[in-house]
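You will see two complexes here that share chain A, one where it goes with chain B and one where it goes with chain C.
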Partner chain A sequence: MRVMGKLKLAIVYGAICGGCDVSLVNIGEKLANVLEKYDIVYWGAAIDGKADMLERLDKIDVAIYMGTVRTESNLKYAKLIRDKADLVVAYGACAVYGGIPGLGALMEPEEIMKIVSSTVTTESKEEIDLPEELKLPKILPTCTSLVEVLDPDVMAPGCPPGSISNDGLLKVLIDYAAGKKPEGKVIFGEEQSLCYECPRKPKDLNKIVMPGIYRLHEIRIDESKCFLEQGILCMGPATRAACEMPCIKNNMPCIGCMGPAPGVDDVGLKHLSAIASVLLVDKEKELLEKGLAKHLDKIVDPLGLFYKYTLPRSYLTKLSIKRKRRG
Partner chain B sequence: MYEPKIIAFFCKWCAGSAADLAGVSRMQYPANIIPIIVPCTGRISPRAIIEAFLNGADGVLIGGCHTPNDCHYMAGNFKAFKRVYLLKKMLKQFRIEPERLRIEWISATEAQKLVQVTKEFVSQIRELGPLMGEGDGKA
Partner chain C sequence: MAYQFVSIDPVTRVEGEVRAVIVIDDKGEVKDAYYQTLEIRGFEAFCKGRAVEELPRITSAVCGVCSWAHHVASGKTLDVLFGREPPPTAKKLREIAYFMQIIDSHLLHFIVMALPDFALPNAPPELRNIAGLLREDPKVATLFLKSRSIIKDIEEVFGGKPIHTAFVLPGGISRRFTKEDIEKIDKLTKELYNIVDYIVDYFNKKILKSEIFQKYLYDDAYMLRTYYMGIVGESDTLNFYDGELKIIDSSGREVARFDAMEYTKYIAEHMTNWAYSKFPYLKWLGWKGFNEEYLVRVGPLARLNVIDRIPSERAQEEYEHMVDVFGDKPIHNTMAYHWARIIETLHSIERMRDMIQETDLLSNDILNLEGEPRYEGVGVIEAPRGVLIHHYKANEELLATHVNIITPTTLNNAAINTELKKVAKKILSKKVINDDTLNKLEMSIRAYDPCNSCATHYMDLNGRKLFTVLIVDSNGHILNKIGYKSQEVVIGCPK
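And then the complex of A and B:
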């Protein structure tokens, strides 16, 4: 198993949908360059190997973690890689910000398990007396991103990470093999928000007026015009430019999977502020509070919209959880 | 007895001036209110409101100019209204009482209204109890 002279690479999962794996494999031939330098010691989806092998290793050089920290087992392996690996990479929106599984951060574990076992399409949960080693790991009271559990050296955001994150990761891996460890924390992407790079950006970013709030099917979307100017909720203003805009290019608004733009710590509040700032600015004095409220009510689920990928890292989540614990 | 801590963001031109007027007119309002004067309510970011809650405030009161035409910066009060409206909706989803956040339009001459609103708000927060339950209040 052990090849002399090669570095050890482990790819470890948290709560994951599998998209990150696909994205990583999608790098294609360039991965061969990495494999020349690295020996994959653990990767649940691609190589034969059990988690206890990982536990037996004394040292790993690079560990890539994908997914949210949701169960006790996730937490255990997250801590394990921090202890053993020299370089830890948080790969994907879940690891960096909490991602879609992170939306469960405010729900009680019992509540979640109840839903899981009581819908029409899921198996009902029956307590079977299983030996300890076959039991499923317990779920944690809340779920967190990897960034809150340990301090990763490299962060590759995105759901799933696109070619900017992937190319960045390859470069880090190859540089590391050559003896160059990245200095400080690395997060892939540009140091600005998506709007600055958007092909649909209007002439003057400061003069965007949102003519109301519409759902995608309600209007015919002009493919060359800014989404916000057409009344479509787009999360571009506060999202980091770290993708090649597959959504925008396919006539879909940004949903913020790349996380907060530089300088933003609570992205949901910034999204909220941005939308409120541009909505119907030309008609405020006719509509007054009542009319504006009616339009704002079209945002049915502000939490789900503004914190789609970042809920566990929101200040409000921390406040709410702490409050619940104190009773 | 439990004394709620309330941060009040008042705009310089309207609610802030009303607070000054209440002061020089020797009208009394509860000392639970800690007023912070800002140039315009449109400048108050949701982050500033949450920061107040995180640092131990049990309620946040925002006082601005009357709509539609009193704002000295054309429409800052409408921006504040939209932000607060959405934020209140979101607070509810976070299981925090939206009543802890309140926005009122108070003009520079309405010292009486300012006194009445603050009294009302303090008693409302007192009924809701401390945001973080018993303890140091800090999140």
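And then the complex of A and C:
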């Protein structure tokens, strides 16, 4: 029963893993404060039939979107909430930047299906004539973030969002219920890169020297020293500080799930330039003899390393889409 | 012939975008049933070309509910690919962390998804959820909510992030554990033990013996006589982390036993154009469609069917009691999945409690960097929902050239479809369709615990269900609405 005066909150999925849901649930008791003010009118993945229910609603106050936009059905829901909702929240790395599934952004549907249907164990295939009711939602030519599709009011980065994003979201929801809509676009986290908060911070952030480049499996990582100073590529310099550094505390380098640091348009370009400027700067002779490129060869998968969570919003993807459109 | 399509869209309390469509002929008989996964992200495609050592933190995003299962399975795959055996301390810590994943997922499913169907059978639908439980049985519901924060705290000690963690490396784990870490886990584990203890007792006394649970437990429609597959540890004991794969037939006879690396000799997959999820089958039998006698099932019940013993005291007692009740193994009653989940939760907390006392957990030897890469690896683990297989091949630069991931929900896909049809035939044929009958369909699906129980958890706090029922004629006119509030199921006619 809808209680008078309560606001309408809808939670809508793109292509998801469920981690964002668990992160919301893990907020625990504080969630009750939100439920006092909001009626959750919709939650759950939706295809054809489900749109009817949302369509029948004249207005939604707040809509939270989780997941990447990969299929026509994901896209339909994204557009639907922009039409209906006063405040749209992009929740999680997938919605804000494309996330891990965004690594498929440069792949055409045919290519994805070709690979998926040719794994070593796929031995039997069947295609039948399907009535409309049984047809699957089509895969889009590329994979995008919600931000590329519409203009969300609030962005909660993270894979999944941690307590900084969650506390921020709770505050937005409570404020909104009190009649205070956020001014302009909101993105949770600090207005600086992770390095500024990192406990492994070297004495002088401007004097980091990388002794070469090593892959994760190649060395025993010191538990207190800056990753870059050990030759391990850490995404900290190009990543927004919006977590409590759980990975770094667990002796694993940052992989950028909070997205680009403020002022960084393209994480990969920013990071490459950062590395080029700190790599072996104390060994100019070696650099001159072997060349920087030789060392950079150790970056075997720049796309997966620099754009693990942000590929759909990279220049690379934008250029590729432009080129395809031109034919 | 004109057909009606009854579509439950979305099926609630399951992972991702899933729709159940029941096809009914003009005589009112159920002709077919489809459990359709509608989501595709293409992990096997975009993991190609990635640096293999990054895959544990990439593939964990296959599922946010059992992210630890993918993360650890991926790590095990890399151990093999790099030819590195993890040191004993690393292996133990991985195993303890992994028991936490089993408890996390099993409790979430039992309390939030399964329990309302049995504990509140007569409650109105808007109260058939955790909110209703809070009202009817506040102790069990409150203890469950408390368990969430304990579990999250333990997972944070192990992996930094509780979801999509940063924990395993090829040949070991990322960091040494301190005395404070172990003491913290020990203290939290003891608290969690008491909660699990209460929930096991609650299940045995209030649910297991209840008329409604007994009714579904022995209902023929909720029963499939299938093959079962699971990992068995030493002397065929229950082991989630490591062991051989064993397959038994529906009479309990062992028909296969193999090492993970050999899985392609035994498992193959069928693909259709009506679901993005595949349908694995036993290779030597071939794909025989949705035919009960050729299917294989995985998960808690399958595990308890393939093992001989549970290596922990109280769980073993419960297990013996369960087998006694049915008189024999294998147990084919799908609702016994719920029972098996409770026994496994008890086992996991018993093992955590004991293993955290072991003396070598503080060792500095947590990562093995030696070994000869073989450029191919298979890692198999018992995820909460059953056997999970990761298989990678790599080139000389250690970039992935082939990635194959078979998840437990995929392995159970054919069984879920088959049972859905069986239940639909029994409850929908020539019957009036209402919320109650549709919930009975969903109960069959829920027993398998397809991921994403979390979604329902949140919804249920607000006392809402997720779908509506509409009866639509062939012109799309709405003839009737069933249900209440925001509930929606579309019943349409073909063009």
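What we mean here is this: the second predicted complex is superposed on the first by the 307 of 327 C-alpha atoms of A that agree within 3 Å, B and C clash if a C-alpha of one lies under 4 Å from a C-alpha of the other, contacts with A are read in each partner's own complex, and residues count from 1 in each chain.
Simple rule for what comes next: contacts are C-beta pairs under 8 Å (C-beta built on N, C-alpha and C of every residue); 3 or more make two chains touch, one makes a residue touch a chain.
Computed from a prediction, not measured in an experiment: that's the story for all the values here.
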| item | value |
| --- | --- |
| Chain A residues touched by each partner, larger count belonging to chain B or chain C | C |
| Touched partner set for A:L134, first chain B, second chain C, both or neither | second |
| First (chain B), second (chain C), both or neither touched by A:D301 | both |
| Partner chain(s) touched by A:C247 [first = chain B, second = chain C, both, neither] | second |
| Which superposed partner A:K322 touches (first chain B, second chain C, both, neither) | first |
| Touched partner set for A:A15, first chain B, second chain C, both or neither | second |
| Which superposed partner A:D153 touches (first chain B, second chain C, both, neither) | neither |
| Which superposed partner A:S73 touches (first chain B, second chain C, both, neither) | second |
| Which superposed partner A:S273 touches (first chain B, second chain C, both, neither) | first |
| Which superposed partner A:D61 touches (first chain B, second chain C, both, neither) | neither |
| Common ground on chain A, meaning residues reached by chain C in one complex and by chain B in the other | 301, 303 |
| Residue numbers on chain A that touch chain C, as the complex places them | 1, 11, 13, 15-26, 28-29, 31-32, 35, 39-50, 52-53, 68, 70-71, 73, 99-101, 103-104, 107, 111-112, 115-117, 119-128, 130-137, 139, 159-160, 162, 215-221, 223, 246-252, 255, 257, 300-301, 303-305, 308 |
| Footprint of chain B on chain A - complex, ascending | 106, 266, 268-270, 272-273, 275-277, 279, 281, 284-285, 288-289, 292-293, 296, 299, 301-303, 306, 315-320, 322-324, 326-327 |
| Chain A partner contacts - residues on chain C that touch it in the complex | 3, 5, 7, 9-10, 12, 15-19, 21, 34, 36, 38-51, 53-54, 57-58, 61-65, 67, 78, 82, 126, 145, 148-149, 152, 156, 159-167, 169-171, 174-176, 263-264, 267-276, 278, 280-281, 283, 286-287, 367, 369, 391, 397-399, 402-404, 406, 451-452, 454-455, 457-459, 461-462, 464, 466-468, 470, 485-486, 488-490, 492, 494-495 |
| Residues of chain B that touch chain A when the two form their complex | 45-47, 50, 53-54, 67-69, 75, 78-79, 81-83, 85-87, 89-91, 93-96, 131-135, 139 |
